[in-house]
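One chain, chain A, links the two complexes that follow: it is found with chain B in the first and with chain C in the second.
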Partner chain A sequence: MLAVLAGVFLLLPQVYGNRSLLFTMMTFIALAQGLNLLYGFTGYLPFGYVGFFGAGAYGMSLLVLYVHVAAPLAVLGGGAAAVAAALILSPLLRLSGAYFSIANLAASQILFLIVANPSLAGVTGGPYGLNIEQAFDPTASYGAMLVIMLLACAVAVFFRNSRFGLGLRAMTLDPVSAEMAGIDIVRSRLVVWLASAAVAGLAGGSYAWDISVYYPEAVFGLQLSVFAIVFALFGGVGTVAGPILGAVLLYALYSAIGISLPQYFELLYGFLIVLLALFLPDGVLSLFQRRRSAVSARLKRRRTGVL
Partner chain B sequence: MELFEYALVGGVLYGIFFSLVGIGLNLVFGVMRMINLAHGQFIMLGGFGAYVLYQDLHLNPIIGIVLAIVGAIVIGLPLYYAVVPRLQRSRDPEMLSFILFFGLAQMIEALAILVFGADQRSLPAETLGSGSISVLGQAFPDSWWVAAGVSILSILGVYLYLTRTRLGFATRAIMTNREEALATGIDVDRVSTIALIMGLALAGIAGVFVPFLLGSISPNIGTELTTSSFAIIIIGSLGRPLGTIAGGLVFGLGTMLMETYFSSWSNIVPYALLVIIVLIRPAGLFGRAVRQA
Partner chain C sequence: MSSETRLLELRAVTKSFQRMLVVDNVTFTVRPGEIVGLVGPNGSGKTTIVNLISGVVPLDSGQILLDGRPVERLSAFRRVHLGINRSFQVPKPFRDMTVAENIRVALEFGGRGGGADLERILTDLDFVAQRDQPAGALTVNQQKMLDLARALATRPKLLLIDEIGAGSNPSELAGIVALLTRLAARGIALLVIEHLLGFLNRLTNHVIVLNAGSKLFEGTLKDASADRNVVAAFLGG
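For the complex of A and B:
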C-alpha cells in the first residue's frame, strides 16, 4: 500500500497540473496519520496538534535564517524542535481524556502567542511572519513531504503489526492488565507521543520550506488541527488506511467547494463530526470491516454446521 | 500605584463576570460528565442576541437575558434528547461527547458567520447606563458594574437552586453518583435536561455582556471563550459551581495585571494558567472532581 501511495504522488504531478493541491493533500495525509498514531493507538486526542506543526515550521525557518543550515537539514531540525516541545509538554500525558485535549490546545495557543508576539518581531517576525525565499525549491520540498508522509504511514503500519503496537492496543483496552503483563505504559505512551510530534514537526518544516513566505496563522491555525482530526476520524482511527482515505476524500471535497464557500464547508464538517460521533465512532472503514466480519462469521457457522 | 489599583478593581469586576462565563460549563460537566465544547459558541450566540435586539429592534440589550433563557430552552431540550442518551450508551461517552460538541461548535460558528457575517460588532456602552462608578479612585463604566451585578445574581440563583430546592438536591445527588441517584428513583434525564438548559442559559446571559466587557463580539470568539471557561473552572475545581468564583477572580486579576504591566502578553494568561494548573495538580483536581460536588 505504501508503494502505491508513493507511486501515485510521484506520478500525478506529471499528468495533473495543480501541484499545490497535491502538496497540501500530502501534508494532510501526514498530519492525519500523525494524529492517528497518538489518538488511534493510545486514545489521547491532541487538539493542539497544530502546535507541533508550527514548531516544526518555525524551527526549520529560524535554522535557515540564522544558522544558514541547508534546507533538508533544517527540516530535520524542525522535527527536532517539535520533539523538544513534546518533551517539555510530556507531563500533559498524566492527564486523561478531555483534560489532555484541552491542555494540549492551550499549549499550542501559548506557542502561537509567543511566536506571533509583537515584542519578538525582531526574532520570529512576530505577527508579520517569516520569509525564507532563499531556500525555495518546490521539487525538493515536494519530495521531502512525500518522504514524511510515507514515514508517517510506515510508523502506523509498524504500530499495527508489531509487538510494540500490540502492547499499545492492550493498554488502551485495559491499562492495568497491560501493566501487569509487563508493558511499560509510561514509556510506550511517551514514545508514541514523541513519534507523533516528530511527524507533525517534519511536516511543518517541509510545509514552511514549500510556501517559504508565511504568517504565523498559516502554520498555527486551529483549522489545521481540526482538519487532521476530522480526516482521521472520518476514515477510521487505529487503522493505516483510514486517515489516508479520510484526507484524500475530504480534502478533495474541500478543494472543490470549501475554498470558495468556507462557511458552508465548516457547517458540513461540523455536521459530519456530530454524525460520526453518534453513529460511526470507528469511521467509514469500520462499515466494510463490520460487514466482512459478519460474512466470515456466517461462513464459519455454515462450515461447522452450526446455525 | 494608581495603575495597580486600576488593575485590582478592574480585575475583580472582570473576574466576577468571568465566573459567570465559566459556571454554565461547570454545571453541565458536574451533572452530565460531558464537556460542552460548544460553550463559548453559546456565549457568542447570547452576544449576538443582544446585538440584534439593540440594532434591529431598538430594544435595550439587557432584554437579551430573557432571550438567552428562552433560547436555552428551545435549543437545550431537543439537544439533550437527541444526543445525550445515545452517547451515554456508547463505549466511550467522555471522548465521543467531546468530539460531538466540538462538531456542534463548528456548526454554530459557521451558521453565525452565514447569518451575521464575520465582522466584529460592538454595542454602545451607554445602553447599560452612561455614568461610571468609582472605587479606590478608579472609575469604571456602568456597563461593567451591571455585568458584575447580573453575574453575582445569576451565581446566587444557581447556589440557591442547588441548596434550597428539591430539584437542586436531585442535581447534587446525580453529581455525586449517577447510578445511586438513578437507583433512588430520581428522574435523571429530567434533572440533567434542566441542568443543560441552565448551563446554556447562563452561557447566553454571559454572552449579553461580552460586547461590553471584551469590546466587541464576532462569530469566531467562541473557542477563546471555551478555553478561558475551561481554565476558570479547573482553577476553581470542577463540579463545584461556587468554586468557579475563585477561578474567575484568579483569571480576572491575572489578566488585568498582565494587561497593565505587560500588555502584549496578556492574551497568554488563560492558556498559561490552564496548563500550569493542570500540570501542578492534575491528580488532585481530577480526583476531587470525581469524588465530591
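For the complex of A and C:
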C-alpha cells in the first residue's frame, strides 16, 4: 500500500498540472495520519494538533534564516522543534477526554500568540510572517513531503502490527488491566505522543519550505486541525488506510467546491460530520470491514454446518 | 521469622480518601506459597489493601516490601515485573480481544521471561474451547478466571485474589478451590479476599480480619469465629 501511495504521488505530477493541490493533499494525508497515530491508537484527540505543525514550520524557517542550515536539515530541525514542544506539553497526557483536547487546543493557541506577537517581529516576523525564499526548491520540498507522508503511514503500519501496537491496543481497551499485563502505559503513551508530534513538525517544516513566504495564520490556523481530525475520522481511525482515504476524498471535494463555493462546502461538511457521528463512528473503511466480517462469519457458519 | 520466609510484608500501611481513613496502620506478612484469607465486613478496606499492594492506588504512609525490597513507590507495571499480580472483583478483561489474545498480551509484556506458556494456561483454566472467543462474550465468572489467567501469564510470586468465588455455584467453587490449591503448591503465595467463609475454610487456615480499616484479628478461621471483637464487627455489637 505504501508503494502504491508513493507511486501515485511520484507519477501524478507528470500528468496532472496542479502540483500545489497534490502537495497540499500529501500534507493533509501526513497530518491526518499523524493525528491518527495519537487518536487512533491511544484515544487522545488533540484539537491543537496544528500547534506542532506551526512549531515545525517556524522551527524550520528560523533555522534557515538565522543558522543558515540547509533546508532538508532544517526540516528535520522543525520536527525536533515539534518534539520539544510535545515534551514540554507531555503533562497534558495526565488529562483525559475533552479536558486533554481543550488543553491541547489552548496550548496551540498560546504558541501561535507568542510567535505572532508584534513584539517578536524582529525574530519571528510577528504578525507579518516569514520569508525564506532563498531556500525555495519546489521539487525538493515535494519530495520531502512525500517521504514524510510515507513515514507517517509506515509508523501507523508499525502500530498495527507490532508487539508495541498490541500493547497500545490493550491500553485503549483497559488501562488498568494493561498495567497488570506488565505494560508501561505512561512511557508507551509518551512515545506515541512524540511520534505524532514529530510527524506534524516534519510536515510543517516541508510545508514552510514549499510555500516559503507565509503568515503565522497559514501554519497555526485552527482549520488545519479540524481538517486533519475530520479527514482521519471520515476514513476511519486506528487503521492505516482510513486517514489516507479520508484525506484524499475530502480534500479533493474541498478543492472542487470548497474554494469557489465555500458556503456550500461548509454546509456539506456539517452534514457529513453529523452523518458520520450518527451512523459511521468508525469511518468509511468500517463499511467494507463490516461487510467482510459478515461474509467471513457466514462462511464459517457454513463450514461448521450451523446453517 | 527470617526475611527469606517473608515474600510480602506490609508495615504500618495507611491510606485515606478525602480524610476518610480507609486503611489504618495495617501490618502483616505473607510467606512464599502460603494462602492467606482477608476477610471483613463491607467497607473494611480489603479491596483497598489489594489496590495498594498492586499499585493501582498509591499509599499515604507505611511500607510494602516484596522479598525484602520496598515496592510501595513503584508503578503498578514494575510491581508486575517483580512478581505481584491480581484479579479484580469486577473483572477487567480486554473485552474486544479473544481469550488467547488477552493472555498473549500478558505473556508479551509480563517481563518475567520463559516458563509461562499459552497452552498450559488455557488448559489450567479450562479455556481451550473458548480460546478464540472475544472476552466480552464470556460470563462474568469466566471473565474473573480470565483475569486470573492473565495474571498467571506474568508468572507471579504473589497473587491477590479479590472475591473470585462470589456468584459461583458449588461445583464451580470446588474447581476454584482445587485450582488455587494447585497454584499455592507451585509456590505462588495467595492473598484471598472472600466473603464466602466456607470457601475460604477449604483453602486456608490463616486469615486476617479487618474492620474499619484496621487489623482486628489474625489467626485461624475457627479462632476468629470465637473472637468477641470479630463477632461484634460482623454482627454489629
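Observations
Please note the rule applied: the second predicted complex is superposed on the first by the 307 of 307 C-alpha atoms of A that agree within 3 Å, B and C clash if a C-alpha of one lies under 4 Å from a C-alpha of the other, contacts with A are read in each partner's own complex, and residues count from 1 in each chain.
Note that contacts are C-beta pairs under 8 Å (C-beta built on N, C-alpha and C of every residue); 3 or more make two chains touch, one makes a residue touch a chain.
Predicted model only: the values in this text are computed from it and were never measured.
By the document's definition of touching, of the two partners only chain C reaches A:179; chain B does not. With both structures placed on the common chain, the touch criterion links A:249 to neither chain B nor chain C. Of the two partner chains placed around the shared chain by superposition, chain B is the only one that A:271 touches, whereas chain C remains out of contact.
Touch criterion met: A:101 reaches chain B, while chain C stays clear of it.
Measured by the number of chain A residues touched, the leading partner among chain B and chain C is B. Of the two partner chains placed around the shared chain by superposition, chain C is the only one that A:170 touches, whereas chain B remains out of contact.
Contacts of A:69 after superposition on the shared chain: neither chain B nor chain C is touched. Remark: chain A residues 43, 45, 91-92, 94-99, 101-103, 105-107, 109-110, 113-114, 117-119, 222, 226, 229, 233, 263-267, 269-274, 276-278, 281 touch chain B in the complex.
Listing the residues of chain C that touch chain A in their complex gives 54-56, 75-77, 80-81, 85-86, 88, 92-97, 104-106, 108-111, 147, 150-151, 153-154. Residues 163, 166-167, 169-170, 173-174, 176-186 of chain A are the ones that touch chain C when the two sit in their complex. Interface of chain B with chain A (complex): residues 35, 83, 86-87, 90-92, 94-100, 102-111, 113-114, 223, 227, 230-231, 234, 264-265, 267-268, 270-272, 274-275, 278-279, 282-283, 286.
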